[in-house]
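Each of the next two complexes has chain A plus one other chain: chain B in the first, chain C in the second.
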Partner chain A sequence: MRDLKHLYEFEKLLQEANNELVQKAKADGGIALGYTCYHIPEVLLNCGNCFSVRLRAPRTGSMDIATYYMSNFLCGFSKAILERAIEGGYNFLDALLASETCSEMNRTAEHFELLNLVENDKFFLTFLDMPFKIADHTVKHYVTQTRNKILNKMTEVYGIDTSDAALLKAVEEHNEVCRLMTEIGNYRKEDNPRITGYEYHILSLITYCCPKSLILPMLRETAEELKTRELDEKKNFRAKIVVVGSEMDDPDFTALIEDSGALVVADRYCFGTMPGREEIKINPDEDVLTQICLHYLKTSQCPRYMSHEKVQERRDYVRHLVDEYHADGVMYEQLKFCEYWGYERALASYVMSNDYGVPTAAVDRQYTASASGQLRTRVQAFVESLEIKKIQKERKAKENG
Partner chain B sequence: MADLGKLYSEDRKAVLKHREWRGFRDTMYDYYRWLVTWKDMIVMVLKAPVSTVKGLWRYRWMASYLSTPSFIDRHTAGLRGTHLRIVHLHFNMIVKHATGLIHTSFVADEKINPKNKLSKKIVLTDEIIPNEIFSGFPNLTVIPLQTIPIFLTSMVDQQITPPYLEVTESFGVPADVCPLPSAEAGVAIEDDYPKMGCCMVATNMPCDGSVMNSTFLDRRLNLPVHLFNIPLRYNDEDVQEYAVEEVKELIKFIEEQTGEKFDWDVFFEALKNSNKQLGYEMEKWDINKTDCPQMTGAAFWLYRIYYFNLSGGVDKRFLKVDKKVNKLMLKGYEKKEPVSKEMRHRAVVWSCPANYYTSFANWLENCWGMNVVMDMETMISYIRYNTEDKEQALKDVAKTYQRSIMRKHTKGGYRNVVDELWRIVEEYDADTVIMYDQISCKGMDGLAGIFDDQARERNINFIWVKQDLMDPRTISRRDMREQVNKYMQTVLQEEPLDPSLVDFEDDLAW
Partner chain C sequence: MKYFGGCDVGSTYTKCVILDENGKMVANVTNRSKINPVASAEIALGDAVAQVSGLNSAEELSYLIGTGYGRNKVPFADENISEISCHAMGVHVTNPEVKAIIDIGGQDVKGISIDTDGTVKNFAMNDKCAAGTGRFYEAMANAFEMTLPEFSKLSLNAKNTIPITAQCTVFAESEVISLVGEGKPMDEIAAGIQLAVAKRCFVMAKKAGATDSITLTGGCAKNDGLKKAIEKVLKIKVFELSTDPQLMGALGAAEYARQKGLAK
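Then we have the complex of A and B:
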């Protein structure tokens, strides 16, 4: 297949957190609001002239200083963000919206205050208290938190209009991104998909890390281009898999999987599009903010939701993705030292293979995985096992007539 | 007091070759208390001999409780006079209450006694939820699920946790997660929890690991489960409405599951008892702020967390013990009785102590003259309950629960653990901080550098002690001692109070 027209440009943008589009938006008077967790409703950070930037630390090298502050035993993502912040890599931020959803990222965010990491007098940092289940009073609580700690702060510090009309406008733009990503993502259901997992991963990251208004034209063009994209005659993969797991903003991880023979057809991980790129449906008769908050609570697949229904829903959701995207198996990935996914990966992969009969592999990885030969071997072995299973299945079907 | 180390056998089991000679009166008192411990354990067996013996064969962890007298001996080594007596009184109350829990667990265990009626009258709870709220259901029995099988056992016997950790790790959970929830999950995978109860109350306390192990417990128990949410950013007023709502939801769930009605009178009575007990606790703290503390070391926090969670004002025996202890403490204070042979340093212990080495503070005292006057686990909620207004009482309960064990300091922002430490250091006039580096505690690991930076600014003896909470294989008791030895010998260049305790092997000990 020919490369997508904007792919190289997108790849280049992902080399920096403070990329060209972020700089352009800032130069145009935009207010950059950083966040690291799905529980900070992204759409709220795109009101008025604000724009959301989901923090990454691309091209991370040494994490010595972050390791001094946060020890050897914290996840690489948390430490890489801190290291980058100490290096001054997030000085473009006007605020950091955090939530005490996991202890590790919470501590990273606290260091922004403790070490006074952003050189900006108006910079502010807030922490949301997130519930662990969905009920009427927990939704109300979440709404109060987002109102007090996000919207009111935006208005108070930067004079941002956070009225219902402003929220609806942000939702409209957000939904267009979601529609385009869904349209593009649907190609992955094809027998021989016209987009690779790596390409989709790049597009997905772009939508999180760049101002929406600036990427929309390129995204529209990409969607158009894909309609007529010519496929290679021969399939470039030996098996299709769903990747499920913790935070992942490294497209090289997807590239590594695909180089090993598996095509990633669904991205059910943090920074992926499942969830993340579902349209927010707004009923004009109900409170806008409540509906937005409810959307994020309902769609979240974070393992910190410990109520029985949510736990079951997570497993069913993955199985549903396997069916819908015609995947041969599931790969659970966990960022090393992630407490939530350490447990989820173990139990969910057990349930998936033993209770649901879906071939599953479970791996842990470092924040930057591109150089991992060990990981490559694991993926190759998984692909081979999927192929064997396929052959056995076909043989059995033949024998049964 | 010197040469305590020579009392231990040299076969790495560190069993006492003979009991310590403390002078006639103290030795006799100590021996008498040792007999009382055995008496309480034997009484437990005699109350239900068949169930207890079956439990002993069925559950790996039960045998660990046979080493309880040795556990108490570890915490009373070197103690004399008032200090010896109050530590014994505290431990004896714990033994009395814990044997009751074991007894109830075995009698209600459907694996041991199928078709018993008690089981359906039992509400299982996550061990970290304090008991106050359940006091409103006097006809029900509340059993904290993990306390007896793993939490308490891991303190009594350091060898009991590794097999359960191995089970969890074999299942695929990484070895780097906190070993406490990991071991609890291991007990579930091994099916080593007694089978009982009509429902279960789970919670998001104290940390991410315990949130996640609930999926393992849920899968094994297969009971109706209610998730009791406690807000994390507890200093913010805007979380309190949600916190109170959660308490109400919990009451509603138990009423629905059991058909019992919440009894406000009994609830208020329990809150009054808790307030009284808090009063006694504050008196202890006040005495420890003076230059003549009367209770230093682990008994302080062990007893505190035990009654805070497991009594919740329900068991009045704790009040009697506190009354007696405080009388002794005041008397000792008035007489200016020294708490130990020589108090060279006043220390504050911060972060979670290692379950497999709860008597570490006792060793600090005997070996290096370092008396622990306050610690993080003791310094949990000290909110007084309103005992007349229903709504206000629930608010107070909700606030207390937000400040409970292992989460008051690790959640809600760094100020709760960093600034709080320096406040305590000042208040208790401490010159030393024993900073546990519980290597798997992500909440504390994430502030390691900040603690170091701020300790340097304050020019305080800041001694990091690495440990792995429940897993002595990673960092042994001896390794923990060695870290202090090195600091004392190289940085402070001090001579030990008891050289025989500087280095000894106890990796095969209970």
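Then we have the complex of A and C:
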């Protein structure tokens, strides 16, 4: 297949948190609001001239200083974000919106404050207290916090209009991104998909890390380009897989999987598109902010929710993805020391293969894993076993007429 | 006669096996790996080809498969297959009764369970550090100022086991040197080292679903002290293979090459 027109440009944008589009938006008077968790409603950070930047730490090297402050036994993502902040990589931020969804990232955000890491006089940091259950009183608590700690603070410090009309405008723009990503993502259900998992991962990250208004024209063009993209005659993969797990912003991980013979057809990881790129439906008769907050609470697939129904719902969700995207197996990936996915991965990967009969592999990984030869071996062995099972299944079907 | 090759470029040793179309092993080579995997593969292939009178170069092999960490660097290879799949197939063709493997290579430890057709049923892999791998044993043998074969037999007659607490290769080496300095019996320290590695292997074997009929592959399979410790920890008799266990990856690759080459 020919490379997508904007792919190289997108890859380049992902090399820095403070990328060219972020710089352009800032130069045009935009307010950059950083966040790291799905439970911070992204759409709220795109009101008025604000724009959301989901924080990553591309090209992470040594994390020694962050390890000094945080200890060895915390996830690499939280340490990489702190290390990058200490290096001055987030000085462009005007605010950081944090939640105590997990204690690791909570500690990272604390250090932004304790070490006064962002050199910007107006910079502010807020913490949201996250509920563990979805009930009337917890939703009310969450909505109140988002109003007081996010919207009111944006107005107070930067004079941002956060009226219902402004929220609806942000929802409209957000929904267009979601529609385009869904349209593009649906190609992954094809027998021989016209988009690779790597390309889709790049597109997905771009929508999180760049100002929406600047990325939308290129995204529209990419969706249009894909409608007529010519496929290679021969399939370039041996098995299709769904990747499920914790925070994942390293497209090289997807590239590693695909270099080993698999095609990633669906992604259910933090800051992927499932959930993340579903449209937010607004009923004009109900409170706008409450509906936005409910959307994020209800669609979250984070294993911090430990009630029986939520645990079961997450397993069913993965199984549904396997069926819908015609996948041959599931790969559970877990960022080492992720406090929630450690449990989820161990149990769900067992249940998925033993109770649901879906071939499953489980890997724990570092924040950046592209250079890992061992990881490549694991993935390749999994792909080989999927391929063989597929061949055996086809052979059996043939024998049975 | 058609010939089929498997080349296992490992981090420490490069192995090569050539099979004829009936599956008979007609050549095998085990060389110390070079820093450059292409050079390692070229030398091993050259040495193996020299053992077969009907072959002049690796290009004449009907099908060649690369495996091991340098699997995608094997010249003239038709494809590469992970060493996990190859070890399973290698053991299966050597002894179909064996249903599980502990493969201890130069830089990782793997537990593999085998399906009835020689394919991988499940696997687990310790790839986080050199603890319990060939590199670890090299460091330990150095600390004892012994060769690897000497060290592997040292623990066999130990009356007691002195536990080693450090798993990290570097820390374990320091701990061993301290224990030797304290005048502790060397065979008992060695028994402690073997027990520590055997426990690590236990975890990999159990994670992979190994229940019985297990064997050891990789260079460390020749370590008698480790074999005894694993039998003690797993409470299972470890199968002896009729072919050099270090060759299992290359043999599996060659068998895959034979099956694929004949089906071409």
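Rule of thumb we're sticking to: the second predicted complex is superposed on the first by the 401 of 401 C-alpha atoms of A that agree within 3 Å, B and C clash if a C-alpha of one lies under 4 Å from a C-alpha of the other, contacts with A are read in each partner's own complex, and residues count from 1 in each chain.
Simple rule for what comes next: contacts are C-beta pairs under 8 Å (C-beta built on N, C-alpha and C of every residue); 3 or more make two chains touch, one makes a residue touch a chain.
Small disclaimer: the values here were computed from a predicted structure and weren't measured.
In the superposition on chain A, contact is made by A:381 with chain C only, not with chain B.
Shared-chain residue A:340: touches chain B; no touch with chain C.
Looking at the shared chain after the overlay, A:68 reaches chain B, while chain C stays out of its contact range.
Looking at the shared chain after the overlay, A:110 reaches chain B, while chain C stays out of its contact range. Ranking chain B and chain C by residues of chain A touched puts B first.
Of the two partner chains placed by superposition, only chain C is touched by A:373; chain B is not. By the touch criterion defined above, A:141 lies against chain B but remains apart from chain C after alignment on the C-alpha atoms of chain A.
By the touch criterion defined above, A:8 reaches neither chain B nor chain C. No residue of chain A contacts both chain B in one complex and chain C in the other. On the chain B side of its complex with chain A, the touching residues are 171-174, 176-178, 185, 202, 204, 207-209, 211-216, 218-219, 225, 227, 229, 231-233, 236, 238-239, 241-242, 245-246, 249, 410-414, 437, 439-440, 442-443, 445-450, 452. Here chain A touches chain B in the complex through residues 68-71, 73-74, 78, 100, 102-104, 106-108, 110-111, 114, 127-133, 135, 137-138, 140-141, 144-145, 148, 303-304, 306-308, 311, 334, 336-337, 339-340, 342-347, 349-350, 362, 364, going by the rule given at the top.
The part of chain A that touches chain C in the complex is made up of residues 372-375, 377-378, 380-381, 384-385, 388, 392. Against chain A, in their complex, chain C makes its touches with residues 69, 81-85, 107-108, 117, 119-120, 123, 125, 127.
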